[in-house]
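Structures incoming, each one as C-alpha cells.
Look for chain A in each of the two complexes below; its partner is chain B in the first and chain C in the second.
Now for the complex of A and B:
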C-alpha cells in the first residue's frame, strides 16, 4: 500500500495572524504574538504573558458568520477550517469521502468556566447553553456540521500532540482508502483551566519564552486553530492547483515516564522521530529543517535536544521553535506547526527562533535566530510532544 | 458466544489487611492509612522509590497490583500490548483533589496537582510493569461487577486484550478499599471462573 498523501490546502488563525498570509508575514518580520492578557478574564492578567488571537468573540463570530455565544474554541476552529477548504478548492468535494479530524484539549470549557462562577454566585441559576458543548468532541461536531462534512468526524485529545495525531490518523485513513480528503489539525482557545493548570506546574515563564536558551524559564500559552487539507493521489491528480507538499512520515511513541514531564533522555521523542523517518524511507541527513516542539520549559528542551543529538549527530539540520511567535497553542500546536512546516517545504523558508541569547550548553548545535529564504528544503520534520509522554513526529516533503 | 475467562488471582486491601486469594499477605494495627501503606511497602520488600511520590490512590492500586501479579508467571507469556487495565471507583481522585485544593490557599503544589486525575493509578501500574495495552477508568457510585465483566469481555472478544487487571481502587481520607482481579482465558487448577457472582463474592469478602 504505497498510496501517497498530499497537502492541498491550509488554514490558520493564531496570535500572529488571522490567516495564512498574515502569519507568514509575521514570521518573516519576526513579529511575535505574545503580550499581556487582553481577552481572557483572569486574576493573572498582568502577571503572565500569553499569545492570544487578537480578536474578541464578537469579532470572531462576525468572521465566522456564527453566533458569538458559541465557544471560542468552535469559532477559532471554523475560521481556520474554512480557510483550508477554500484554499484546497476541491471542486467535486460533495462526491468524495471527506473527513474532519480535529483535535483539542479544552472543548467548550471557556463557556463552562463562566457558567460555573455565575451558577454558584447567583443561587444556582445559569444558562445551560453554556455547558452543552463542554466536551471536546462537541466542538468538532459543531464545526463539522457547519462545514457539511459527515463521512468521518473524530476528535483526538492527547494533550500537546493532539493535532499531530489527528494529522497522522488522517494520513493513515487516506492510505487505507477509507477517505479521499481529510481536513486535519486542531484548535484550542486560551482558558482559565489551562492557564491555572500550567501555572500550578510552575512551567509558565513570566517573561516572553526563550526556547532552547540556556536561561529558558518556561513556556507562554497561546491559542489558535490550524488545519491542512490532505488528499489521496487520485484527488491530487484532478486538482487544478499546485500541491503544497507530501505528508511522507509519521510516528507516535510514548515515554511512559511521568504524568507531565518527558524522560531526561528523550526516549519517546527519539522513537517518534526515528519512526517517522522509517515510514518515509528517509535518513536523518535527508531532513533540512526541524520545527521543534521547543516549548521553552527546562525539561522539554533538554529531552528533545538530547533525542535530536542522539539521532542526528553530527549532521544537524536547521532548527527552530515557532512557539517563540505563537506561544504554545497546546491541542492546536501540531496543526499550527504543520502549516508552518508546509510553508517551509513549499517556499524554502526557515523560521527564526526568537529571543535566543545563550544557546544551551548541553548541545553542539544551535537553533536558527534569523529568517532564512531560498535555501532548498527537501524535507521538514515537525515535533509535537505531549503530557503523558505522548510523542508524535511528522515529515513534510517537497513534491 | 463469550469465551470463558478465569480469575488467575485476586487481591483485596481493606481494614489494615492485604490479602491474596483469601490468604492474608500482611496486616497491621490501625494507625492510619498512611502508616499502613508504608508498612505494607516495606513488608513487600520492593525497591521502587517512586512509591514515596505517589498519592494514596496510586499507592493503594500499585501495592495491590504488585501483590496480585507476584509469582504469576503467566505475565511473561503475553506481549506488553496484550496486557491492560479496567479500573473503577466511587471517588475518582477526590482524595488528592481536596489535598491539592488546600495547598492552593498557600502555594499550589505541583507534586499533588499531577495526581488530580483518577487514571494516573493505571499509568503507575503500567509504567512499573511495562504494560502497553488498553486502559480505562470508570467512576460508579458502587462496585459494578456486571459492567466490568461486560467491558473486559468485549476487549477480549475484539482481541484488544489477553490479560487484564480489573477491579476497584477507592480512597477518600481514611476510607479505602481495593479489590483487583487478574483475568485471562487460560485455565489452571483451582481458578475461579470470571463471573459477576465470583467477582462480587471476592469483593464482599473484604467486608467480613
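Now for the complex of A and C:
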C-alpha cells in the first residue's frame, strides 16, 4: 500500500472556461465567471449573481455528442471526464482495471424540477423521462456507460467535500491494487433546488463574493465538473506523456459541530489538513500554496482561517480561494480545485483571490491578490469542507 | 487480514431492532409498500432532540447507536453510510415547496435535512466523532461500497473500529412514481407470498442497518466478512455464473463449503429467472433462502441481508419463518449473499463464523 499515485490527465468545465486551457487563461487574466443568472430559469435571475457554465443545454449536448434532454449534470460531467481521459492518453486502458469515481449533490434534479412542476403545479402526471435520472448515482452511471468504464463505478455525496472524497477514495483503491486507473472528481449543475436552499440559509452574497475579506458577505453559487485521471506507478511508467503531479496526501475528518455551520475553531478543517500532511509525510512549512475552501461566508472563512493559523503559524504558505472565479460549485468544487491545484504544482502558478479589499482582521496572514508565475511550488494543499461537518484535504506534489 | 462484525443493528419492516424476527412469526403486509417498524425512541433519545429529527435521521441514528451499544464501543474511527435515495422526504418537501410557492417564502429546514450525507453527519454529531465520515449514493451498490471503504480503512490500519451501514426511506409520492416505472407490482400481494405472484415488479421496502466492523477478533463477534464483490452490468445468467465461479476461485472455496446462500430474489418475473438459473445450477446442492419478502425491495436492501446473515451465523440458526428449510445438515458457518438490483447491480458478500 506504499506505492505512489500520479495524476496523468485532467478535464474541467466551469464558469471560467469549457476546458483546461480556457480555465487556465481566465485564471491568469483574472477573469471571473460570475454574472447575472442567464441559463437557469428562476425568479431570482436579477437578484443573485452566480457562476454558470456559459453554454445552454443544447450547446453542451453538442459538445458532449449527446441528447440535450439529458440532465445538465450529466452533460457537464461527460464533457470534463472525456477531456480528462483523452488528456491522460492511456493506450491500453481496455486491459486495465479502470474506475469512475464521481460525486454530486443534485443528481438529475434539474429535470425532476420539470416533473414536479408538471405534477404539482399543472395537475398532470409528469413525464417519467424527467425523473428517471433523479438519483445522484444515475448521473454517474450515464457517464460511466458513455466512457465505457465498468470495473468500479461509484458516487459519493458529502455535500461540498464530495469530489475531494471521490479523489481520496480513488487514490486509496489504486494504492490497495484494486484499481490501476481512476477517473475521479465530481459535478454539480446549478439548479433551483440548491439556489433556493442556499438562499433560505441567507448565505448568498447579492454582490460578487469576497472570500477572506473582512467585509465578505456570503458565497456565489457556481456549477461545473472536473476530473483528474489517477494512475498507479506501473501505469505511470508506461505513459509516453509527462505526469502532472503526485497525489501525496489526503484526509477526511468531521467537524461534528453543526449540520450546516463550521465550528469556531475549525476543528474538522484542522484535522483534515493535519491528516493530509501526516499521510504525505510533510510538515506545514513544506506547503507552498493552499487552495482554500474559501466560500466567502462569514462562518467558513473564519473557521478555515482559524484552523490554518493554528496549523501553519508562523510559516504561512501563499493562499487563495479560486471560488472568487468559479463560484462555489458544491459537489464539483473538490474536483475543480484539484485541477487548479494540479496546474499550480505542475506549472508553478499561484492564483489570485479576486476582489480582496480588506484582509480579515482576525489573522496575521492575507490571501494572494495577484497571479504569480515562476515561484517554485513543491506541494499544494486543497481544502474542501461541507455541510454535515464533512472536511477533506488533499495534497498535490511535484513529481 | 480478517474483518469482524462485532455487532449489527437493523430497523426494517420486520421486528429486527430487538431481534424478535428470529423467534416470532414475520410481519405480514398486504400493501406493496413496506415501511419500517420504528422502536420506542423515548428510551433512546431526549424528547427535544427527537422532535428535531426527520424520520430517516431518527431511524439511522437509532440503529447506529444501538449497534455501538451492542458492541460496547463508545469511540469509533469512521462512519460510512450508503444511501441510494438520501433524505427523500425532505428533498421532496423542499422541491415541492419551490414549485408550489414559486420559489418564495421558503423555510430552510427541509433543505438543511435534505443533503445526502445528513444521516452520517448526524451520527457524527451525536457521537461527537471527528473521524473519517463518508457517504456513498450509488444506487444498488451504495451499501456494498460503504463496506468496501470500511474494509479498506481497516486494512490500511487507518482505523480499528468502523461503523458502516445504510439507510434508505420511501415516501408515498416516490413510491407512486416508481410504480409507474414498473418497479413494483400493480396489484397488491402479500409479502409472504411474494415469490408465487408470477407478475412483473416487486414490493417496495425501506430500512436501515449498521455494523461495527473491526480488525480485532473477539469471542462475541457475530461473523467475519471474507469478501465483498460487485459487478456492474446487465448480465445474463451464464455471465453471472462465470462471475460467481471466478469469485470462488479467487477466494479458494467451492459451493460445498457454503452452508447457506441468501439471494435477493424479489418476485419480479423479469429478474427472478436469473436467480432461478443460478440456484438450479451452481447452487443446486445448497440450502438457499430469500429475504426480500421480509424487507421489500430497495437499493440498499442487501444491508438487511447482511444483518440476517450475521445473526444466522451468530445464533447458528435460521429465523422462525424459514422453518421449512432443511436444517439437519450442518452448522451455519459460511454464508454467501448474492443480490442484484434491477438486474444491473450484482453483489456478493461472503461471511464466515469468526475465527482468529
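Going forward, the second predicted complex is superposed on the first by the 395 of 399 C-alpha atoms of A that agree within 3 Å, B and C clash if a C-alpha of one lies under 4 Å from a C-alpha of the other, contacts with A are read in each partner's own complex, and residues count from 1 in each chain.
One rule holds in what follows: a residue touches a chain if its C-beta (ideal position, glycine included) is under 8 Å from a C-beta of that chain, and two chains touch if they have at least 3 such contacts.
Keep in mind the model is a prediction, meaning the values are calculated, not measured.
J.: Put the two structures on top of each other at chain A: do chain B and chain C fit, or clash?
T.: Here the two partners, once superposed via chain A, clash with each other.
J.: Quick one: is A:388 in contact with chain B, with chain C, with both, or with neither? Answer first, second, both or neither.
T.: both
J.: Please indicate which partner A:99 is in contact with in the superposed arrangement: first for chain B, second for chain C, both, or neither.
T.: So A:99 meets neither chain B nor chain C here.
J.: Touch test for A:256: chain B only (first), chain C only (second), both, or neither?
T.: The answer is both, since A:256 touches chain B and chain C.
J.: Quick check for you: in the superposed arrangement, does A:197 touch first (chain B), second (chain C), both or neither?
T.: Both chain B and chain C are touched by A:197.
J.: Name the contact category of A:158: first (chain B only), second (chain C only), both, or neither.
T.: A:158 contacts chain C only, not chain B.
J.: For A:17, decide between first (touching chain B), second (touching chain C), both and neither.
T.: In the superposition, A:17 touches no partner, neither chain B nor chain C.
J.: According to the contact criterion defined above, which of chain B and chain C contacts more residues of chain A?
T.: The partner making contact with more of chain A's residues is C.
J.: Counting clashing C-alpha atoms after the superposition, which of 38-46, 92-100 or 182-190 on chain C is the one that bumps into chain B?
T.: Only 38-46 shows clashing C-alpha atoms.
J.: Go through chain A and flag every residue that touches chain B in one model and chain C in the other.
T.: 197, 199-201, 254, 256-260, 388
J.: With touch defined as at the start, can you tell me which chain B residues reach chain A in the complex?
T.: 104, 108-110, 113-115, 117, 120, 123, 126-127, 130, 132
J.: Of all residues in chain A, which touch chain C in the complex?
T.: Residues of chain A touching chain C: 1, 42-44, 105, 109, 112-113, 115-117, 120-121, 125-126, 128, 131-132, 135-138, 140-141, 144, 150, 152-159, 165, 169, 172-173, 176, 178, 192-193, 196-197, 199-201, 252-260, 267-268, 271, 386-390.
J.: Mind pulling up the chain C residues that touch chain A in the complex?
T.: Answer in residue numbers: 79, 84-86, 91, 94-96, 98-100, 102-104, 106-108, 111-118, 120-122, 124-125, 127-139, 141-142, 145, 149, 152, 155-156, 177, 180-181, 230, 232-233.
J.: Could you pull out which chain A residues touch chain B in their complex?
T.: Interface residues on the chain A side: 197, 199-202, 254, 256-260, 388.
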